[in-house]
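Two complexes come next, and they have one chain in common, subunit A, joined by subunit B in the first and subunit C in the second.
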Partner chain A sequence: MSWVPEQPDRVWRSAEPKRRYQVVIVGGGGHGLATAYYLARNHGITDVAVLERGWLAGGNMARNTTIIRSNYLWEASAGIYEHALKLWESLEAELGYPILFSQRGVLNLAHSPQEVRDGMRRVQANLLAGVDAQWLDPMEVAEVCPIVNVSPQLRYPVLGATYQPRGGIAKHDYVAWGFARAASDLGVDIIEHCEVTGFDRRDGRVIGVRTTRGEIGAQTVALSAAGHTSVLADMVGLRVPLQSHALQALVSDLLLPVHPTVVMSNAVHVYVSQAHKGELVMGAGIDAHNSYSQRGAVHVIERQLAAAVELFPVFARAHVLRTWGGIVDVSPDASPIVGLTGIEGLMINCGWGTGGFKATPGIGWCYAHTIAHGQPHPLNAPFTLDRFTTGALVDEHGAAAVAH
Partner chain B sequence: MADEIVFDGRTVPVLPGQTVAGALWEAGIRSWRTTPVARAQRGLFCGIGACFDCLATIDGVPGQRACLAIARPGMVVSSRHDLVGAASPGTSATPGPPSAARYDVAVVGAGPAGLAAAATAALGGSRVALIDGAGQPGGQFWRQRESMGEGEERGYRDWPVFAGLRSIVEERVDHIPNATVWFAEPGFVLHTTAGRVEAGRVVLATGAYDRVLPFPGWDLPGVVTPGAAQALLKGSGVAVGRDVVVAGAGPFLLPVAVGQAAAGVRVIGVYEAGDPRGYLGRPGSIVGVAGKVREAMAYAAALARRRVPYRVRHAVIAAYGEAGVSGVDVARLDNAGQVVAGSVKRVTCDAVAIGYGFTANLDLALMLGCATRVSADGGLAVMVGGEGQTSVPGVYAAGEITGVGGATLSVVEGELAGSAAAQAAGSSDPLSGRELASLRRRRRRLRAFADAMHAAHAPPAGWPVWLEDQTLVCRCEEVPYASIAAAVTDLGASDARTVKLLARPGMGWCQGRVCGYATAELTARLCDRDVRRDDLATYAHRPFAAPMLLGDLSRPT
Partner chain C sequence: MMIITCPWCGPRNETEFHYGGEAGVAYPADPGVLSDEEWGRFLFVRSNPKGVLHERWSHNAGCRRWFSVHRDTVTHEVGPAR
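And now, the complex of A and B:
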């Protein structure tokens, strides 16, 4: 582990909105920026605007815990997440920008016989899908991460773990800035402080957006607004099966290297890594009620820490400096919704729940393809909106880490 | 045998009641923390728990503020900061409050305002809890050593007022010491480091800490706030240096200088950036505050007796030194608050106490949703009505957090707020109509005086000019001025919150307590506009009001 190098240049062109674009992407988070980049890079579509109502990457991109992995259960999920992970592995060179991608491995702990069975099954499924995966017994867990308490006396003892060595973390704001700069260099307009307040339609088709900075026409409007997707979709009368909840996280003071990997525990609702600078970054469970407020309940943090301190006794002596919340958009099967909406000119990318960051380059790639061709890329084809009426669900409740 | 603690393997003598920082300072140790980025040395700075520069590992628990921790014989203090190898269970092991019952009124802060509020509410028959982070009541103004000797109270102003309030509190109020409120829920539930307290009404009297403007060298060991110098002296009986410069703005510099001089150290000079003649422009402001005028004259006489020069329109604009401060640049200021060309003089010293007024401690007020405003001194303050009621029903505020104004005003506001809270809680009115009318009159006069004081002792307009590119603005995250400027000029930030997200000032241990005012001011100036409420509030709003040990948080209160 090393200190973070000098902050890289963040500069991109700050554009004034034009009257119309070929593609308007709503949401300047990681997904929106990556989509814009791959539209320009892979499809030569550079007449693109990314609209952000606040500052760039200030939503969930700034609020997640930066964990990257691809060990999901189903082939459909493994396909998109593994595509993303492969892109992560060369992203720094691709963008010409430091993103501090660190493949330090990810452990998913199992605390009950059922979780052991599920974990072992998932390892087999991952291997079949070409995703690196291992099953570790408690002693092997302790070898990978010596600070985990593997004593059988715990309330939730560690009975084993899945391990994906290629998983890891990256520096979230550098990822956003890298995509922003690269997209901007290719001609994409990045427009901050531009909130979408409505949609313009003609003959049922979406032909543009109304914003706090005026009307902007578009051949295609592509939503990429995570927890606020349902608010936008409501404006065009589209009902999306999403529940928005606050999900909290926190950071500790800066510490010497103590935690070499990433540890996630579904049962006790904790996932934690040590960032490059030395702070522990910990995620909590989601608040049970629906909310668009980026602030969660304090008892969720207390419960999370009770579990975390039991699992990692040394953490008792760290201090919480800051907590925050993001809004996660959870779909009924804990899988994303990407593609057509049934409304001409409107595309959707949402439902990533607690796991959108890791997919950033992969979904940017596939969503760009979907927008450019007017039909889904094979990797996001299973994640249609109409699967909730056809019943072709991709049930990832078990692998989505935080129980939804 | 003298009592001792161990610091990094070396024994350090301690006096009863001294803080760890006080004991280290007395032993000539000026720094005990290494910053993570520049590997710079830090020690005492604010001296009262706001800045987190003085962190040490104490008895195995890292991240303890040496300025607050009382040095107990046998304590082991280490400059290392890590989790591995620490021997303690990682909890602060403080006992809970005397009972978990619900109170009519909970008062947070046991300084002048809080003591007055608690005593007044209790006299009205309310069940009152007085919660305070320190071991002793009194706040910063009446800060004492744990075991004070006979006659030591002579060094304090208005000691009989304190003694009177304390005796009422001892008799009628549940005083919960050593309890920092880290989270406040509506309704009201106060989560403290000593357990949970519930109350129907809350009086916030959370006080203030020194406001410091950055300048080159302000992060050197030995450069401290006036409050730190005062706390070292009052709390630990330790002078801040041998050759001391006192600088900044405001009447607080006077007692600080007099205190150091009386302790036998050489006060090289008091450099006041403002100009007390400014009061003359507001003759109405000193009507009815004869005590304030007498107090200032007594301090001036004390300085003159000891031949300590008092220079107005002068400022310390840079500090120098290797391991610690060894000298400062003092400059004369013109009417516009800019350095007069050719007026800079080098002054040799081994300690600097510098501050420009105070910053109110607003995290709990903001957490509970109280409306705030930009106050007469340019800082943030809680908006209150005539009885100290805030915009949130059931929440009252008193003292410095309603606008910095000094201890006398704080006591008056505390009495008004305590009375209002007790009445709202259904207790009998502790004050007669005449007493209330008299309190309101006094409050008006003292507030007018405070406004005149802020005008006369405003931070000099030219301070940003003193900064160099590499001068730190945020001491915790080690953010230099150049990064703040780049966030606005290169990256397009137009408010202090965005500057925080782009350049990270205010993201470290102190969560913007120290750099908030400066960063908000710098942002506004770089954007060519005045400071807005939101610029200041973004550095005063904290999800938790104190950094909490994970071990403590893991045991729900």
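And now, the complex of A and C:
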């Protein structure tokens, strides 16, 4: 379909762990790598290690459906996701690395009068927050994406959609490699196959981690482990309001260009785009029960495909090439948890649930600031862990209840 | 697809059941005496182990009764409440 650049044999330096670092980031996914990069770039902190228990970006960073948008309902969310979107817009030049960011627009379909009201409200909220947003009627939806079935005969007809033209997709593994290379070039140590098995503490303060490759001291340990955050937090006695679930996605065989944008539907639970090589990329909702198994149930996929074929009759003859699952960390208000933990020397970045990929550069920027200053960046200040004590939730189920 | 054994109806497909999360979370005896932190913990924090979780399911496409099982969150192996 379109050109996909060749990769060099080695993109980043593989490092042996040193005894001690200023900052140890636990989790070598997109967020951890972006955080390391911005620690070096924005704050001059290069004595940094990124520890990854598997291979680099082999977790959710390679399993998400690559959708990027910032049209969230609440100002706090729009703030951090729009910051991310602005960074996405110049990220390829910033990293000097192809990431295939394509601003092909994102449609969020409405299938009921209530969804129409919610969508219109969100468009107005987005405009007030400086986020590009439009409300489209069904005929305008068909103009943006001609393969969407806008017939009123559908069981859940398309009654309209919100549209964010600046939204789109990027090639997620290239994003990880781009951040890894740029961070590595600035002096960050990227250490794969290094699983954290415990924390070293002195007088309550976290002073390092125990790993499968030895003990590593740190002034600050910054968790960035998505679905495995609870496992790490349990080691240090920190209770975090997260539940881990499997989230599935799939790709079809390669097709000629048929799908020009990104379409998401909360009501029928599917979201789909067409990747650069030509495969349709579709995501489902989470499997209901807690899970650390990177695979989900077939009936969830079946339901997702039924929804996809009803919305896109042209997909009926496509074949499923591959399905997979990732472990997502869902918080009670569908918003992330970022910042201080109440334990000296330990920072947290988690709770992005089903939508963390789009935030990658934005949270890297803000988490790096939080680590460097020991205080939250203004854009992640609303997302503290203690909001579950104060009650100041950022209830994003309106924009994020479906996997995204 | 998991097969879950309902104590009353026997082994059935996962699709017949509704998930109820962690088992054994009691409503506080006297909520008024809890601190904000304790109340927040009761409302929002549940166990999230990588391993065996004691949890609630409802057989909502069958007898509609609630019951508890122990299920491994990695292997998805389901055993009866112990």
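As a working rule, the second predicted complex is superposed on the first by the 396 of 404 C-alpha atoms of A that agree within 3 Å, B and C clash if a C-alpha of one lies under 4 Å from a C-alpha of the other, contacts with A are read in each partner's own complex, and residues count from 1 in each chain.
In this text, contacts are C-beta pairs under 8 Å (C-beta built on N, C-alpha and C of every residue); 3 or more make two chains touch, one makes a residue touch a chain.
Treat the numbers as computed from the prediction; the structure is a model and nothing was measured.
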item	value
Fit-or-clash call for subunit B and subunit C when the two complexes are aligned on subunit A	fit
Three-chain overlay, vertex subunit A: subunit B-subunit C angle, C-alpha, nearest 10 degrees	80
Partner chain(s) touched by A:Thr389 [first = subunit B, second = subunit C, both, neither]	second
Which of subunit B and subunit C A:Ile301 touches, first, second, both or neither	first
Which superposed partner A:Leu254 touches (first subunit B, second subunit C, both, neither)	first
Subunit B or subunit C, by number of subunit A residues touched	B
Touching partner for A:Lys277 - first (subunit B), second (subunit C), both, neither	first
Which of subunit B and subunit C A:Glu143 touches, first, second, both or neither	neither
Gap in Å between nearest CA atoms once subunit C and subunit B share a frame through chain A	6
Doubly contacted residues of subunit A, that is, touched by subunit B and again by subunit C	298-299
In the complex with subunit B, residue positions of subunit A that touch it	3, 7, 10-11, 14, 55, 58, 62, 192, 252-256, 258, 277-278, 295, 298-299, 301-303, 305-310, 313-324
Subunit A contact footprint on subunit C (complex, rising order)	1-2, 14-15, 18-19, 21, 36-37, 40-41, 43-46, 48-50, 53, 55, 71, 73-76
Residue ranges of subunit B touching subunit A (in the complex, touch as defined)	36-37, 60-63, 81-84, 86, 88-91, 183, 185, 191, 483, 490-493, 498, 501-502, 507-509, 511, 542-544, 547-551, 553-557
Residue ranges of subunit A touching subunit C (in the complex, touch as defined)	228, 230-231, 234, 239-244, 288-293, 297-299, 332, 388-391
